[in-house]
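Okay, so chain A shows up in both of these, paired with chain B first and chain C after.
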Partner chain A sequence: MILRPQLQDLKNIGYYSGKILIGIGLTMLVPMVVGLLFAEINPALDFLIGAEIALIVGLILTKLCFTEKDLNWMQGMVVVSLSWLATMLVAAIPLYMSGHWGSYLDACFETMSGFTTTGLTLVQDLDHLSYAHNLWRHLGPFIGGQGIVVIALCFFVKGVSGAFKMYVGEGRDERVLPNVIDSSRFIWLVSIVYLILSTLVLGLVGIANGMKTANAFFHGACIFMAAFDTAGFAPQSQNILYYHSVLFEVITMVIMILGAMNFNLHYRIWTGDRREIWKNIESRALFIIIIVIFLITLIGLSQVGSYPRALVMFRKGFYQVISAHTTTGYMTIYARQFIDDWGALALAGLICAMAFGGSSCSTAGGIKMLRLGVIIKALQQDLKRIILPERAVVEQKIHHLKELFLEDKQVRAALLITVAYLALYAIGALVGMFYGYPFLDSLFESTSAAANVGLSCGITVPGMPVGLKLTYIVQMWAGRLEFMSVFALIGFFVAAIRGK
Partner chain B sequence: MKRAIRYFLSAAGLVLFCGTVCSAQPLSSTELVNKAREYDGKSVVYVGEVVGDIMARGDFVWANVNDGENAIGIWLNKELAGEIRFAGSYQAKGDRLEITGVFHRGCIQHGGDVDIHAQSIRQISPGRFVREELDTGKRNFTFILLGVLSLVLIFIRRRRSKESGLRTG
Partner chain C sequence: MKIKSFYNVVLGMAVEVFYAIAIMLAAFLVCVAAYFLKL
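Presenting the complex of A and B:
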């Protein structure tokens, strides 16, 4: 029997969603101040309006739904999925008011793409966008990558055991430290330390490359936020091609890889345990798969003669593979070149890289290396069972932060999420084909959206069909939250209608 | 015979003239990117607005020029770049230039980038600073929302003090 949600369920969900909206409203004050600093009056007003709306709605929700009761699993999951939708709607207000997005839906697409660290964009005339709006585009991934709920846990939720339910609901099933709030704070500490260092380095490189000082550091901060949070937004329409700099490409590649690493691994490195990188199943899988996919891509590129020299092919190919695998989506080529210049094999390599994604408990999307590692180990175990005598006891170990025996429960969970991702990639591709796009183009763009990558082969433009925009929004949302919270929200609505 | 030669030379001249005019037609960035193999290594004419930073690299500079569809990197010497006065941003409209140069689909000199090595540039229209005027509609809406937010805060504070009064009472 399905139970209809009670008033207390609604109160808990409303209260915590309200808290998160207040957080988003306060965050909008950052681009507002930046707008004022750069004498951008109308953009500053856009953010003040956005912040006021978020604060009004958030305050009303927290007041009407005030509760001191803790969250249960269902409530925690629903809070997360609803908060992400509410954030999309509120965060899109200042973007839409700028006039650089064709419709409110386009602005919503942009915020969902930013907060989920995807990086697909529908902005028009990006090269004339204000500093304030550009900062908001990049601040979205920085907040969403670490987790909207994670930030709320740091500042607004204290000592609540229900915090863990929201933390898990946001696609993080691992704690860095025993306490979930301490874990959230560590995630933010790592991110802010890297932000300061990378902005400094990228800013100096920008100055050496001939950029104006203020612009160089602004770009440095924006590029770091989008690279570390594997989002792929850039302040100019040419993306990374704008900088015409090999050094810039190398630094962004390092940041992308750091972003795709498990925060637990960051913790180990920070605490001096560097050997974990070489032993960990995730970092090993990431390393091996990058090499395999890069070789496939190189063969594909040389088949069609995309680039005149090997070194050039290496530079372009490697950057795009790293960008796809870390699910960042930074590009040093134009979108149509994937289709016109790269050939089917190289494109298939990139699609695989995007689909597999980065590490769990990182800012990257996709299936994730840990799940892939678990599935491969399970396959090894089954093969051993077939080959070895029937009486032999076959045990499979994996090393992920510590030595673990592979359990059926783990394999089942990994397979379930992998199948869900594959289904999501396929559904998006089918919708793309329904609107008349070729198979490979549709699969590329769909995988990019669902794995939160942001590489585009040219389908994602302001004039694309509304149905496809909505499909990609849902894909980005479900892919970022790793399905469970989305399923919980669907279950919640079903229970509200059919429950007793 | 002389007459025939004169006719032939005139016709050849006309064809050459037409050809020059045709090839001097500006190409859009979309056309250049989509037909990159066709235009690779050829002299093209490209028109657009200078955007972002003018980045000096030794005796040359990078200028990114946007034609409203995409922006393409233009590699030009400092002398030519000296003619650029405004680069487009939120607060400025950049110079609109006509660039004649060699298009590369995967430039060997620049790590495989799509770019144009400029041979000459011509300013079509000068750039300017964009004066931002206060949007009064937005300003008024901000004040209305500020009023609503203040009311909500007052309401919350009153209820809180009432509740704490009930508890202590």
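Presenting the complex of A and C:
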């Protein structure tokens, strides 16, 4: 029998969602201040209005639904999935008011793309967007990559038990430290340290390349936020191609790889266990799969002969592979070149890279290396069972932060989420084909959206069908939250309608 | 949080950057090999 949600359920959900909205409202003050610093009065007003709406709605929710009770699992999951939708709606307000997005839906698409660290964009005339709005586009991934809920946990949530349920709901099934609030703070520590260092380095490279000082550091900060959080937004419409710098490309590749690493691994390495990076199943899998996929892409590129010089082929091919595999979405080629110049094999390599994604408990999307590692180890175990005598006891070990014996429930969980991702990629591709796009183009764009990558072969443009925009928004949202909290929200609505 | 040593953090970051560069170098070697083997 399904139980209908009670008033206390709604109060808990409303109270914690309100707190998260207050957090989003307060972060809008950052681009507002930047707007004032750059003498951009109208953009600053856009953010003042957006912040006011978020704060008013958040305060009303926390006052109306005030409760001291902790969240249960269902409530925690529903809070997470609803908060992401609410964040999309309020964060889109200042973007829509800028006039650079054709409709409110386009602005919502942009914010969902940013907060889920996808990087698909529907902005028009990006090169003339204000500093404040551009910063907000890049701040979205920085907030969403670490986790909207993770921010709230750092500052607003006191109850550790309820906090853990929201933390898990946001697609992080591992704690870095025993206390989930300390875990959230560590995630922010890593991000802030790398933000400062990388902004400095990218800023200096920008100055060396002839950019003005303030502009160079602004670009450096924006590029870091979108690279480390594997989002793929850039302040200029030509993306990374704008900089025409090998050094810039190398630095962004390093940042993308760092962003695709598990925060648990960062913690182990930063606390002295430096060998873990060479032993961990995820970092090993990431290393090997990147090389294998690059080889496939390389063969595909040499077959079509788009890049006759080996060095150019390496520079163009490897950058897109790293960008796809870390689910960042930075490009050093134009979108249509994927279809016109790359050929089917190279494109298939990129689609695989996007689908596999980065590490779990990182800012990357996709199926994740840990799940792939577990599935490969389970295959090895089954092969051993076939080959070895029947009486032999076959045990498979994996090394992920410590030595673990592979258990059936781990394999089942990994396979379930993998199948869910594959279904999501396929559904988006079918919708794309329904609107008349070719199979490979549709699959490429759908995988890019659902795995939160952001590479585009040209389908994502302001004039694309509304149904496809909505499909990609749902794909980005479900892919980022890794399904469980989305299923919980659907279950909550079913219980509200059909429960007793 | 238990991060107490500045030395560990700096060395840790160096190891992470080295890991990223190792991936790039391995890919470059694969590219060179593929070029000479005419794959």
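Simple rule for what comes next: the second predicted complex is superposed on the first by the 499 of 500 C-alpha atoms of A that agree within 3 Å, B and C clash if a C-alpha of one lies under 4 Å from a C-alpha of the other, contacts with A are read in each partner's own complex, and residues count from 1 in each chain.
By our rule, a contact is a pair of C-beta atoms (placed from the backbone, for glycine too) under 8 Å apart; a residue touches a chain by one contact, two chains touch by 3 or more.
This one's a predicted model, so the numbers in the text were calculated from it and none came from an experiment.
Between chain B and chain C, B touches the greater number of residues of chain A. In the superposed model, A:Val250 lies in contact with chain C only, and not with chain B. Once the two complexes are overlaid on the shared chain, A:Ile143 sits clear of chain B and of chain C alike.
Applying the stated contact rule after C-alpha superposition, one finds that A:Leu481 touches neither chain B nor chain C. Once the two complexes are laid over each other on the shared chain, residue contacts for A:Arg274 go to chain C alone; chain B is not touched.
When both complexes are overlaid on chain A, the residue A:Ser283 reaches chain C alone and has no touch with chain B. Touch criterion met: A:Met313 reaches chain B and chain C at once. Chain A uses residues 313 to touch chain B in one structure and chain C in the other. Taken together, the chain B residues at the contact with chain A in this complex read 30, 33-34, 36-37, 51-57, 61-62, 64, 66, 70-71, 73, 88-91, 105-106, 108, 110-115, 132, 134-135, 138-139, 141-142, 145-146, 148-149, 152-153, 155-156, 159. Listed in rising order, the residues of chain A touching chain C in the complex are 177, 182, 185-186, 189, 193-194, 197, 250, 253-254, 257-258, 261, 266, 269-272, 274, 277, 283, 286-287, 290-291, 294-295, 298-299, 302, 310, 313-314, 317-318, 321-322.
Remark: chain C residues 1-3, 5, 8-9, 11-13, 15-17, 19-24, 26-28, 30-32, 34-35, 39 touch chain A in the complex. Across the interface of their complex, chain B is touched by residues 38-43, 45-46, 48-49, 52-53, 55-56, 59-60, 63, 97, 127-131, 209-212, 215, 236-238, 241-244, 246, 306-309, 312-313, 315-316, 332-334, 336-337, 340-341 of chain A.
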